[in-house]
Structures are given as structure tokens and as C-alpha cells.
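Just passing along the structure, written as C-alpha cells.
Chains here go by letter, A, B, C and D, matching the order in which they are written, and residues are numbered from 1 within each.
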């Protein structure tokens, strides 16, 4: 069995496990007030060249999204999100559960938002009988593997600043976005071009954990209480600090992402060589082959994957995702077996 | 330095770490749909003699409390909790953030709720201009180490059933409650005498995790969506199943609790021999010595602990908590050093 | 100045004012527990042939919408609404403020929802990572004057019942919908083909007030508390009962609606005679002329109205609305003056 | 039958009805954007000597309380209220439904809050695991007829300012508080010594309506959207402006309150002459006689009133309230008939 289900289907990278094991016997203060979290936060501030940024560790992506969004907004304010944004489509109404409407912006297949999609929403909301849009939510990479360039992010941020909007970037798959050939953003760029973003651990080698970076100084007050109120304070908080330290101190985070992207791209190339087209030309660790329906039973036998949707009557879009545990060798094996069956 | 700060200040019990390490290389389906979670849930249903119970794993106590409470209630319904209940005093308004009022019942120093504290609240709320109390929240052990007997829990449950109230038991420290000499409850008793309760992992040897057991069949629908909406679905959900399996399959959970309680009781006895009285006679892993204020600087040098409150002008109540990592030997060392200073 | 701004721009119908004045000196019990509310509720149950329906009076439409929706839903449940639905576009996120997501269904220009728009949403939401749709919101008439037929409403209700969905009908403009030539629904039909709906007073001759009719017996418990919690209990509640009694006991409600619709239709005919086309062929009291932009300054001088949107570069859609206070005579005057200017 | 049930049991003062009738035929812009609301707001700003205050009209007290409180607070912030405060005891969890905890301060029988009750709560909440208190709620008069002096209100406001707390005064019965002999506050004083307060109309001669005055300039942004989101924007908003104009332009508001207070005080004196003691010595329009239980059937025959609570085994506290419609003459009649029966 080959595994392409997703990038959170294995435990953690062995070096992360080693780091966790290494501190297991220690007695540490709880709730993230420990030195591991402090060091990891410092490391992140350095990488982001954002000495005054507030760094907050949380356990998962949905949690980080809704806690951050709800912390930034007043009750009458709303969020602009791509229709395909994770908060809009896969988080069971988590943002709305905090009382805030999501205003949906139509986006192209790559999932990337642009100022021209934002402005008409802002315009329509000048009417006081509707909510006030106050935050733009994007993710990098997007749900469909779209990767923002520096020029694109800068344009979005300018648009946000001109329209009294915060820009919040969901970085659940930030590692793989940054490992994409399309990427020209550094962490420092992202910190400079957003009000808040997070460095996703869960999908990039951590056991669990996301590191939120809040660069807008207006937004950092009382974040601990906000996290606590939403069950987002891990009692043994140092576990998150230890992991991010392990991931970030020697570039392991980026190495993991490079591997995932390389293997995915290798797989994408191999599938195309077998005559299988792609829904969208992804440069990240997620690829979206369009396969004939009669291939699905073979895939079911060969590998784990997810069905993304119907392409047409006879074809299905599937999603293959790679992780730190994926190897070129296993792709070779998979492609060979697949070829034998087609 | 001796450590009595709390029971979530070390990583996890070595056997739990071993279990987590053992599955780290595997490829497992996410979000708790895996076989480890299924096995752990079955194990729990067996221990509880509750074959139809719904078992839900979550990451932490505050999360488990507010997600469960909000899942059970309609908007106009409220919670009866001891004034000293964790949801009322230490969760940053998490229950209220889901829209529900907490009606406070005064309780004695041991933190235990009794029907005679519930009935006047129910009576006062017959007025339709106030919320309808619909759930009683208790914890076992309580915040101050109180332990419910079977007779007490049965009386509470009868009172709840007679008054259209759910009974929800916060078991963050259930292990130590059950290891107390005062306890005569089995897991099966607790399952039979509540609508929902949880078996706390975080404070009893797990890296993180609580196992919610919902025995009332009316209450189990759509719980996954509810968890997802509140960021309470761990992506690598099997990590929780693996831990509870490790804790529960061979009685490790109870062994850990017994150790913590024994060491705490040994410490309590030793302190009393030194002439230090207790705020309340705890039989669990939390003890509450009343110390002269001039002893505090010595304690600061000798150990970690928490200040619980002022006793009188010259005395302070402190809290000492033990865990799986605590030993009688270290208590001996601590008591000896303490004696030398007093 | 002629007035076509909307149907809530005058006080109340003289007979309603008379009724309010008539009871002004009386001493009445508050919060809707009075005999006027009881009589009005009985009257409504009779008209609806729904002897067991629960009737709840509230002050305004937004209030009635969100209080009812939030009373019916559990936290993880969501609402299917036409994209153009009032709750989605003109209520400042009131539904989301109660924690529930609105799932938007695209609808044609008449604003009417059909089962084929609902089913794909239900299908997509079988994924447990998204909310569970549980209620369908429609309005009759719609925002653009669309009117449901009995066959259409029956089809919607069957679709809802087959898919575990409540059907809730916003009747803010129900009077004018029922006065439309397209309508073949009676109040009894509407009561039989929805789980809840309301008879709008504010836009049909009342000073303020909406009468919610809940026919699904599962849904009527504790509604008073729900209203109270959301500030929807009028202290002098009998004021609503008195008004609905005045409106409904002798058919005044329907007479008002007929007048509004007749005058609007007369106006629509007159404008078409002047060569002005309509965005949609409304049969209610709202009409949507498409006027050349150069006509707008003339309209501004002649009448009150609202700009609905841009039609094309040179044309604007405007909205004219009539009420109990509108007369054919004033339309004649308006059309004459308009003709003189064009 | 004599009427002492409450001060919202009659319609409106005849002059208010006259004013409403006088504008009934007019065509007015909706949602409070009209000139009547503007004039009434100007009138209020003048009376308050607060030229920059924001004035917002809402329909009822519960609505004004929770909309204002929720508009001022961030999610992690909470409200300090007397245990007996209306928001804590009689509004069905309306504040909690917006996500905010109420921290209860014990107060004496007169219901008045003092800095020494606030400070320990602030102190206890320095712990980041609890909510941050950010607003103090008081009412003048209190639920039991307590009336704040200028010195008391100034002390509270200083305490609030020193502790990062807003002071919000519920003025549902402000008229009668100001008509009390204990009162030395002007509207200008109240405006200067609070961040926001409201002038209650419903309980002082209006058909419905409360006028919120927000003097803290930080707090006035986007209040319309907030009101709209909570169903607190009356479509025919001018009805509120017209009423407050009628009440305030010639001092009618204060005249109504003086009458209510005088009649209540006259009644209190008369009852004391009959040997009936009071639970608290009220100087407002609410009085709280302690009557022998055997008197209750007589009261039931003679008048409307409310049972406030049990005094002791043989005695009950009742509440008598007077309004603009109460007269000394009817009190004389009532006292005579009561005397005949005792």
C-alpha cells in the first residue's frame, strides 16, 4: 500500500519525536509559560525579522483560524474569504460559531484571492444594514495548491490597508508553499505583508501545533485569555515549543517541505507521463489528477488518497498528498504498479 | 528542587511515550476515525459496562467541558455549577462564550455539590424571565480534592432526573478521585449515574487528552461536527486513542493515580507531623497546607507549588500536587530539608 | 412629493391607531400574557386552521428571523437561504451572530428557491467536516417581489421533509404576496406547508409587529425564554396583540395588501406605458423599473424611492414600493409629472 | 381594582399618544435616520450637556442592556454586576448569550454597588485563566428602589477609570430615581460620570423605547450595525424619536416621574400608618411592604401587585409600583378598603 492520503497521516518527523522524548522527564511550567516556548518564539521572531511580533502556539489549524479571527473582530465585523477557503468549507462553521459572517469571494481554480475580488465586497458593504468586512482570510498554499508570489501578497496587503481590513494568512501548508518553485516569499516578507499568519506544524512534520505570528501590535493584547476561553491553551504547552524549536532551529521545517514537494512533483510528472492530466498545475505537495472512473478501484487497492470531486461523467478528480514520510522510491513503486494495471 | 506544582508539569508516563513512539512510523487515517481510537473506545465502553456509550476523545479539559456543555444545551438553557467549579473560575468564560449562563451554587470547602444546593436554583428559575437550568456540572475530584461517594452521586443523579437536568461529571482528576480511600465508585457506576463524564488523561499520565463518555443516547448525535466547529478534532486523532489504550489496557491509568495519591498522602502526613495544618483534609493527589508566611521563601527555594490563597494575616494556603513522576523518596528529601529550615 | 420609498414609511393604518388609542387607558398585564394577545393568537390559529400552532408576537422582521432560526437549530446546524435572502444580505449578520452559518443557494431574479437548488447543498454537507443544513429560509414575497404558488411551496416542503430540514417562511411581506394575482395560497396552506412562518405587520399597516406561527409541535417549547434572551419580548406586549386583532378580525390586513398591490400594479402599468421596462415582472407591491440615469434627478425631485442597483452603464434599477397609504390618484399625479419631464 | 403591578402596565402618557397620532399620516424615512430622532437626540445632548454624545434609541431595556454591553466588550471581557442586577436575574441570560460572563458582586438590600465590592473582583481576575472585567453595570434606581447620590456615582466612576472599566448605568427607572428625595444627580452629572447610560422610556410614560447616551467617544462607532444585528433597529424608528421629544421637550418626563414617586411615597406612608413595615425604605416609585400572609387574599381582591419573596414563615414581601397613571385619590381609596379588611 502506498500512501498519498494527506500530510497529517503519519506521526511526527523522527527528530521531532526525539526532541519530545528528550524533554519527557523534565518538570516544566504549564500553559506555554515555559522556556521552550520562549525560545521557539524568539526563533520565529528572528526568522520573521519581526522582533516585536507576538507568537502564540496552538494545537490545530481550525482552532488557530477561528481563535485568531474572533480575537481580531468586533461583533458587527465580518471576514472576506475565498469561497474555497478552509474556514468557509471545511471547519463546520467555526468562524460563524464565534458570531461572524464569512463574505465569500469567488476565486479561480488555484484558490488565490486578488484585490479585484475584494473591492466589490467592500463596496457592497458600505450599506450599514450589512456587516462591516474587517479581515481578509487567505491561505498559502491554497486548498488547491495555489502559491502566492511576493507581488501578489503585497498587492493584497496594500488593498487591505487601504480598506481598513486586516490580512490574515492561514499557513497550515506554509512550508510546502515556500518550497514551491513559484514561491519568492521569505518568512520576513510574509510577516511584513500580513497582520497575522501562522506557520503550520501539523501538516509539516510536527505531532501537532501551529505557530501564530501576530505582527500588528494592536492585536496582541489578552490573546492568552482568548485562547483559554476557546480551549486553545495546551496544559503541557511546552510540547509545542519543543516541536517548533526542533523544526525551526536547523531548517528541518524547510527540509521536510522540500521533500514533500519534490516527491509530489515527481509523482505529478510520472502520472502525466502515464497520460493522466491534472485539474490544476500544482507546484506544492498536493496534486489533483483527473482519472477515468474505472481506474478508481485500482487506486483503492494500490494507495490511500482522497476523492476531490467529479470532473465529468467518466472522470474523477482525486487528491494525492505527500509528507515528510514520502519517498521518490515509493512513488516509483506506485507508478510501476499503476502502469501495470492501465 | 522538588516538584509539587501540579499533575501536568511533566510530559507523559514512559509507557505512554513508548506507545506513541511505537506507532510513529505508521500511516493512519486522521480525525479519530482510526482503529486505535476504536479500540480505546471499546476498552472504555467495557470498563464502563456501557456498551452503547459514545466515546469522544478531545485534547484538554476546558475544551471537553465547553464543547460537551454547549452540545447538550439549547440557547435558553443554563448550567448549575459549584461556585468553585473549574468552568466557573478557571476557564476564562468558555461556557459563557458559547452563550450559556452558569448558575452558581454555594458549596462547602470540599467543593461537593448536593441536591439541597440545586433545588432552590431550580425553583427560582421557574420564572420564565430567567434561563432554564438544564445541566449540573460537577467534578470528581473537586478543585479542592473533594471525592464523591456512590451514595452522593446517586443522590445527585436522582435529583437531576427528577428536575429535567443532565448530570455532567468533569473527570480531569478522575483517576486520583478513584484512587482515594473515600471513593467507592467504579467507572461503571459513574457511567450509570451520569449523562456524560470524562476520564482525564492530561493530569494522569497522558501527553494530552480526555476521553468523554456520553451514556445518554439522546446526546450523541453530530458530536463530531460540534467538536470540529470548536477546534476540538485533533488532525492526528489516533494519538489520543493510542494513549488511552496504553493507559487503560493494563490498568496503568489506575496505577499512576494510586502512586500520585499515595505520595500526596505521605506528604500530607509528613507536613502534619511538622505541625503544618491543612485547609481541608484531602484524600487525593492535591493537598492544601496552611503555612506561616515566613515559610514561603523557604518553599520557593525548595520546591515548586502554587499559592492557593490567604488563610489569615500571617498564614497562606498553598497547594501541593503530585503526579506519576512523584516519589516517596523525593518527599522524604523535601521533608528533611524543610524540617532543617523550620 | 410622491412617496414610493417603502411600505414602512408611514405610521400605522388609522384603524390600528384607533385600536391602540382605544386601549391606552387600560391597565394590562405585560410581556404578552394579556387577553389581547390571546385573542389575536386565537384569531390567527383560526385563520390558519392550525388549532395547535404556537403564535408568538415580536417587534420586527430581523428579530423574528434570527430568534426563530436560533431557537430551532443546534449549534452545528446551518441555514439554507437564497443568496438574495433578507437574512443573508440585509440583517448585518444577525443569524451568524447566533452562531449559525448561512449556506447560500443561487436563485433566479425572482428570488424563489426550488428543491433543485437545495439538494446539492444537502449532498455536499454529508461530509462531517461541514455544518449540517437543518432549516430552509424563504420569504414570500421575495426581496424582488417573487410570489410562491401552492405547488411550489408544497414541493419545497416535501423536499425539506425528505431531507431533515425545517421550512421557515419569512412573511414580512406576506400580505402583498397573498394579494398578488400569482398567489393561490391561503394562510391555512402556508401553515400546513411550513414548520414556521410569520405574518408581517410592520410592512402591512401595523405600527410595528410580526406574528410568528409555529406549527411544528416539536419547536414550541421555551420560546418565551428565547425571545426574552434576545430582547424580543415587548414589555407592553398587548400593543402587538391589539394591532393584530385590529388587522385580522375584519380582514383589514388583506384589504391593506390589496390596496398596496393594486396601486403598485397600476404604477407599473403606467411606467411601462411611458416606455420604462422592469427588471422583473412583479405582481406585488414592489416594482423595479429600469430607468435611464438621466431620469434619476427628476425622480429625486418628484418622489421618494430607492436605488436597487446598476442595470447597465446608462441605466439604473430603482425600487418603488406602495403601502396602505398609497393611492391611485397620487400615482396619476406622479405619472403625469413624470411624463411632463420625459 | 387598584393597580400597583408595575410602571409598564398602561399604554403611554396621553401626550405621548397625541404626539404619535400627530405624525401618523406623515411619510418619514425609516430606521431612525429621520428628523424626529435627530431632534430628540439633540434635546438629550442638551439636557446632558454632552454635545458629542452619541444617542441611540432602542425598543426595550433588555435589548438596550445586552446590545450596549456586547458592543463595548471584546470576547474575553466580562461584566461586573450586582447579584441583584436586572441583567443577572431577569433577562434570561441575554448578556451571556452574547458570549460574556457576568461577575456577581454581593450588594446590600438597596442594590447599590460600591468600589469596595468591585476591587476584590478586579484583583481576583488578574489571573489570566479568567475573564478580564471591563464593564461595571449598575442601575439607577436599582431593582429594590435604591438611588445613587452624586458622591456615590463619582466614587464608582473613579474606581472604574482607575481599573480600566467602563461604567454603564441602566436607567430603565432613571426618571423615578431622579424624582427621589435622595437624588442629587442631573442628567449632565450622569453623562459626565458614566461611559454610557440610558434614559428609560418604557417605564416612564412612553409606549416603548429607551434612549442610550454614549459619552465615551471610543464606543460610538458602528453602533447602528450592532443594533441591526440584534434586531434592535425599529423599522419605523421615528416613533421613538417622536416619543422622546414629547417626553423631554417640556419636562413631561420628569413630571411623570414626580407623580409616580409622590403617589408611591404617599402609599408607603399610608401602609406604614396601617402598621405594615417595609423591606427597604424606598424613595422611588417602587415600594416593598412586608405583609402577613393572611393579607394576601385581600390584596388579590383589591389590587394588582407582585410577590417579591418570602420575608419569614408568616410574612411575604410584595412590590407595589406606581406610574404616570397613578393618583393619590386611588391610593386613598385603596388604603380605605384595605383598612376595612384588616
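The criterion applied here is as follows: a contact is a pair of C-beta atoms (placed from the backbone, for glycine too) under 8 Å apart; a residue touches a chain by one contact, two chains touch by 3 or more.
Here the structure is a predicted model, which is why all the values come from computation and not from measurement.
Asks: In terms of C-beta pairs in contact, which of C-D and B-C ranks higher?
Replies: Here the pair linked by more C-beta pairs in contact is C-D.
Asks: Which chain's mean C-alpha position is the greatest distance from chain A's?
Replies: Chain D.
Asks: Determine the centre-to-centre distance between chain C and chain D, using the mean Cα coordinates as centres, and give it in whole Å.
Replies: 33
Asks: Distance between chain B and chain C based on Cα centroids, please, to the nearest Å.
Replies: The mean C-alpha positions of chain B and chain C differ by 50 Å.
Asks: Where in chain D do residues touch at least two different other chains?
Replies: 75-76, 91-93, 97-99, 128-131, 225-226, 228-229
Asks: So in the complex, the part of chain C that touches chain B is made up of which residues?
Replies: 31, 70-71, 74-76, 98-99, 128-132, 222, 224-226, 228-229
Asks: Could you pull out which chain D residues touch chain C in their complex?
Replies: Residue positions touching the partner: 1, 3, 5-6, 8-12, 14, 17, 20-21, 23-30, 58-64, 66-67, 91-94, 97, 202-203, 207-208, 225-226, 228-236, 239, 304, 325.
Asks: Please name which positions on chain B make contact with chain D in the complex.
Replies: Contacts found on chain B: 75-76, 78, 89-93, 96-102, 104, 127-131.
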